[in-house]
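Each remark here refers to the structure printed beneath this line.
A, B, C, D, E and F label the chains in the order they appear, each numbered from 1.
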Amino acid sequence: MTSPTPKSALVVSAHSADFVWRAGGAIALHVEQGYQVHIVCLSYGERGESAKLWRKGQMTEASVKEQRQEEAQAAADILGASIEYFDLGDYPLRADKQALFKLADVYRRIQPHFVLTHSLADPYNYDHPLAASLTQEARIIAQAEGYRPGENIIGAPPVYCFEPHQPEQCGWKPDVLLDITSVWDKKYAAIQCMAGQEHLWEYYTRVALQRGVQAKRNVGITSQRALVHAEGYQSIFPRVTEVLS
Amino acid sequence: MTSPTPKSALVVSAHSADFVWRAGGAIALHVEQGYQVHIVCLSYGERGESAKLWRKGQMTEASVKEQRQEEAQAAADILGASIEYFDLGDYPLRADKQALFKLADVYRRIQPHFVLTHSLADPYNYDHPLAASLTQEARIIAQAEGYRPGENIIGAPPVYCFEPHQPEQCGWKPDVLLDITSVWDKKYAAIQCMAGQEHLWEYYTRVALQRGVQAKRNVGITSQRALVHAEGYQSIFPRVTEVLS
Amino acid sequence: MTSPTPKSALVVSAHSADFVWRAGGAIALHVEQGYQVHIVCLSYGERGESAKLWRKGQMTEASVKEQRQEEAQAAADILGASIEYFDLGDYPLRADKQALFKLADVYRRIQPHFVLTHSLADPYNYDHPLAASLTQEARIIAQAEGYRPGENIIGAPPVYCFEPHQPEQCGWKPDVLLDITSVWDKKYAAIQCMAGQEHLWEYYTRVALQRGVQAKRNVGITSQRALVHAEGYQSIFPRVTEVLS
Amino acid sequence: MTSPTPKSALVVSAHSADFVWRAGGAIALHVEQGYQVHIVCLSYGERGESAKLWRKGQMTEASVKEQRQEEAQAAADILGASIEYFDLGDYPLRADKQALFKLADVYRRIQPHFVLTHSLADPYNYDHPLAASLTQEARIIAQAEGYRPGENIIGAPPVYCFEPHQPEQCGWKPDVLLDITSVWDKKYAAIQCMAGQEHLWEYYTRVALQRGVQAKRNVGITSQRALVHAEGYQSIFPRVTEVLS
Amino acid sequence: MTSPTPKSALVVSAHSADFVWRAGGAIALHVEQGYQVHIVCLSYGERGESAKLWRKGQMTEASVKEQRQEEAQAAADILGASIEYFDLGDYPLRADKQALFKLADVYRRIQPHFVLTHSLADPYNYDHPLAASLTQEARIIAQAEGYRPGENIIGAPPVYCFEPHQPEQCGWKPDVLLDITSVWDKKYAAIQCMAGQEHLWEYYTRVALQRGVQAKRNVGITSQRALVHAEGYQSIFPRVTEVLS
Amino acid sequence: MTSPTPKSALVVSAHSADFVWRAGGAIALHVEQGYQVHIVCLSYGERGESAKLWRKGQMTEASVKEQRQEEAQAAADILGASIEYFDLGDYPLRADKQALFKLADVYRRIQPHFVLTHSLADPYNYDHPLAASLTQEARIIAQAEGYRPGENIIGAPPVYCFEPHQPEQCGWKPDVLLDITSVWDKKYAAIQCMAGQEHLWEYYTRVALQRGVQAKRNVGITSQRALVHAEGYQSIFPRVTEVLS
């Protein structure tokens, strides 16, 4: 149970802002607990999630990407995570074997204790489930002895799907409510880095408040702590534990 | 988070042996961790789960119940739990408002940190989902300020459904695999109290071994511990936590 | 595998005409194969499925029931099945323990090789799933050694749900398509006994033709037989077999 | 299509405040469109949803009910709906045949063009799905020629389930987003009548805003209207229409 | 709400006859209401749905395609829709990025008020769900400001899945029943253009009659209109509305 | 019903050992009944399922494949089946059109009476559902008159999904329990050929015993046969039959 090296976590984000809205609290919280959290942005969301930038005019795909990278970097810095960009393109995101192996190699390098990614379905956004699928398959590759034989394989880190924009339409059902009250300020600061998507700031503030209220309704014995903000997650695998409560 | 009084758990079993096959490991494990575990047997399973006794001949419902109670008491003693019997009858189990309030009162008295009961569906056994439903509804009653106003209400303890006999046919999907390796001997000793259902001893030993193998396949960073036996549970409510791994 | 006594089947129908529309082909087919088929009508459908009779005027509940019984008897005669009436009332159908035991006793008496009843859900008709639930629970009671100890218990006959009026809305998915081409004439003759529901004659003729076309699309190696009419069934339990094709 | 008499709608609420949080916008909106909207409160929520009142001390079940009725009446007045109370009790709500027929009689009297009620499942609140089930079954009774023969039966009004407190946990998926922007002020005024549940005012304000944002994401050709607040509904039956957009 | 230009609709058909069987009524109905309806046939169904042609002998893929195109054109003419052919091949249908962008461009050009396509799953036909997936993803591309920046993006037109051949096996559940009685003659005339699939003419006539009967069972207040033929659709997105009935 | 040529079956296995653990009993059983059973191994599982071999050191992908082929051949010989290898690679398995047509050609050659393959989903193994999908689509191609016109098309053989490693996590629900008691010795002998995966021998022995116990619980009229070992299967298509029991 004691790990000599710090614990780590991997976050796979289809577009360069997803990790902020959907997992910013989890990232900040675990960084504060000593985890090394690493974010992979599969694309910059340059086509599909940069409407405000495009409307400015005078933009090229290159300049949009650049600005999106700056925003993402600033957010990651606030949250305390490292970040890298695969630049696979978006709308549509596509991943070939090379991208798959590249992500598997990240798994091997990070040896994550848990993984965060998108929901398995989303009729509003086909890049999101593709990112989730890639994340899952890369995890399986990284577990295989016969992939780059001799390297350290990974264990079976739990995978949690973060909240999509319209949860019920995605068949997403949270089975974990993560109390992010203590790091909410950091998450909101990171959210404010997303200058191009200001219309979402209040939306995701309300998401955090609603999940906070719901979390309070699911707490066993009344605790004294002030639970105000939360993030919801759906786990894909059963958790292994030695205690139920 | 610190509780001056010991933590507690409630197990609701439709028939007097269910808690042994399905939750014996969880009971023993948490008793060893200092929990006070209390079992409610809604019936003795005198009609539906005592075939071997009836085949002896010379039995009455009263004598079957008596023998079943002895077996259940012996198993509870081994596991370290307290036990009570509602004697509601089985095949069919039926619960009126009085039984509902009686169970709500147990919740109030126990103030459980978690609850174990049956799966929500079981086409082979209609008493099991009825027990689960009663357990759920009594929990809701016990949370209500207006039920016996002035009494201490309960919080929102998580409810876990234990494994039914034919899991896939019941739509039961485990999202928790509880490592019971350290208490397997106690569970098997409790199982052996069930003299009337000897054909199930090896069946549930194999269940524990299969869930153990599966648990090993779901462990994050490879641990050194010997994980051999496990019990599966399906949670009904999202868990509230401050750490994902 | 050889049974000295004839094989038997049990059909549980919420209202006195359901067995005709939904299972008339299966009944006639198995009667021709030597099965003794017994039908239990839980109600006459006197309130909910006798609109045409009520519109005649001058009717009482008693006279409606009488006419419905005559129609059902005529249909059962054509199909070759025995029939009995529980007269539990409809809209709403309700079943207490006594009705449950009465049906369990029918199971014990019939010792059915298979059972036909309604779908598990139907938002248009609450009597139908209640009939299915009663059929399932009575089967479980009849399997219990401790219910009327000393009597012959039953085995685990498969239960098939017949087609509801709006199948997709009921979550009903057929996994068996029964070729009733050879007995279609009998089924249609039985259908014509239902003088009070003439609007359904052609509806259920088309159902049989559609299921027939679908059955042809699911036949393995092309057979020569003319498959024209079929009935769909959804099985509740896995079938046990020694051959897959 | 032309109706000489005003159109009407029926709302069935398990407890006396549910209709405000969950359907207040729909009620006000249709009243403004000329519908006569009638609300049935099956209980006052005196036990389960009046925690703040009970904590005042000096309360009896009668005095709690009285205060809850006053609040509900005030809210209904603001929304413009008529209201009646079945006083069936809550935690647990139970409905016998008499209550079923009483509600069927309301259907016959109102002849509703649509019906609003609770979701079909809710693990946090067993009264809610029971109310939904009662609403559904009463609708079926009211359609039956043989129930109180000679009375006017009803057609097949669509039934919409309003939003539960934790939607994903209830398997509730909205397929209708109702734009209530124009009546939001009325809804919020009605919400403020619920003095005993002030902690929910802001929660349901945020629900309306989130559903508003989501509605904007589901609008076909961009309209000019300001869509700010919405309510989500899940329909049980297919809608019959002559135009798709 | 008033649109200066005519309303429009887009139909995406995997093979060149699918739009006739599955959406012919919707097309004719909306054309009569003034919509411009445009059909995209992704393939001619030359391999998988032209058995009768191939059995004639002397056919090449080119000649089969030619004949299929003639039939499709004749049907589209009768229904009053424009039509184009992507000629992507069938059995298996495959779509690369180029096909995706081509369809996105059609969306941009048509600016559809609603979209019709196949069901999301079909174990009998893998081309159908692929067509549905392509239709969905192209819609998302066409909404993105960053795809061909400067062009008019589209809104969020509702998408309706039309009826597959064996609906229950495809998990397809209609939530819209479209009354096509007034245009049935046109649909049947279009059906008769499909000389190569005569065995399906009566099948889809019966489908229309069954959906017609079901539609009558789902109509709110009894209307006087003669509802005889209908088409079923499953919507993917919630509809946004200001009135529930 | 009498076939002049022997009946045949096709088994499609993602990796070269899957057919042994998951379908060895079905293969041996049908071979004994006179079926010609043919196995297609899409890959050797050289990367993902050969951990023990890789740990030996000194291995190359070629030498691992060779050893895996020897083991698979030995197992097929014991079971009495023919076997071929597509060598598509694993972790990840990928199949292009050429592989699809190659498998379709096998269907045409074999003309199988039934088909066995993997489950439709498996979060632990992405090669398995891909194999199932390929098997399904190749079956559809092989049914098409326009694919290699003039060749004998196939009928609609039933497809059965065999048991994945963690069945509930894969959404796999068996609806067939195949009694393999009489061929268990052969299956276990074939299992023992898998020298590289010895840790699975006892796991799949227990699987067979559990399914055996479950099968006994689903047998209609008590038979005398000793049912000890079984394999579970989930069917994808409805079966067409002339008798229900």
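Quick note on the criterion: contacts are C-beta pairs under 8 Å (C-beta built on N, C-alpha and C of every residue); 3 or more make two chains touch, one makes a residue touch a chain.
If you're wondering where the values come from, they're calculated on a predicted model, not measured in any experiment.
Asker: Among the remaining chains, which ones contact both chain A and chain C?
Answerer: B, D, E, F
Asker: Farthest chain from chain A, comparing Cα centres?
Answerer: Taking each chain's C-alpha mean as its centre, the farthest from chain A is C.
Asker: Please work out which of E-F and D-E is bridged by more C-beta pairs in contact, and write that pair.
Answerer: Taking the two pairs in turn, the one with more contacts turns out to be D-E.
Asker: Call it same or different for chain C and chain F: same when shared residue numbers make up over half of all numbers used at their interface.
Answerer: Comparing the two copies, chain C and chain F contact each other through largely the same residue numbers, since over half are shared.
Asker: Quick one: point me to the chain whose Cα centre is farthest from that of chain F.
Answerer: Centre of mass proxy via C-alpha means gives D as farthest from chain F.
Asker: Averaging only over C-alpha atoms, locate the centres of chain A and chain B and give their separation in whole Å.
Answerer: Taking the average C-alpha coordinate of chain A and of chain B, the gap between them is 36 Å.
Asker: Once you find the CA centre of chain B and the CA centre of chain E, what distance in Å lies between them?
Answerer: 52
Asker: Touching at least two other chains at once: which residues of chain D meet that condition?
Answerer: Within chain D, residues 124, 169, 174, 214, 217, 232, 237-238 contact more than one other chain.
Asker: What are all the chain pairs that meet the touch criterion?
Answerer: The list of touching pairs comes to A-B, A-D, A-E, A-F, B-C, B-D, B-F, C-D, C-E, C-F, D-E, E-F.
Asker: Report the residues of chain A in contact with chain B in the complex, numbered from low to high.
Answerer: Per the touch definition, chain A meets chain B at residues 1, 3, 7, 9, 26, 29-30, 33, 111, 113-114, 116, 155-158, 160, 174-179, 214-215, 217-223, 227, 230, 232-233, 235, 237-245.
Asker: Using the touch definition up top, name the residues of chain B that touch chain F in the complex.
Answerer: Chain B residues touching chain F: 124, 165-169, 172-174, 203, 206-207, 209-210, 213-214, 217, 232.
Asker: In their shared complex, at which residues does chain F touch chain E?
Answerer: Within the complex, chain F touches chain E at residues 97, 100, 136-137, 140-141, 143-147, 149, 236-238.
Asker: If we count contacts the way the header does, which residues on chain D are in touch with chain B in the complex?
Answerer: Per the touch definition, chain D meets chain B at residues 46-48, 50-51, 54-55, 59, 61, 64, 91-92, 94, 123-126, 169.
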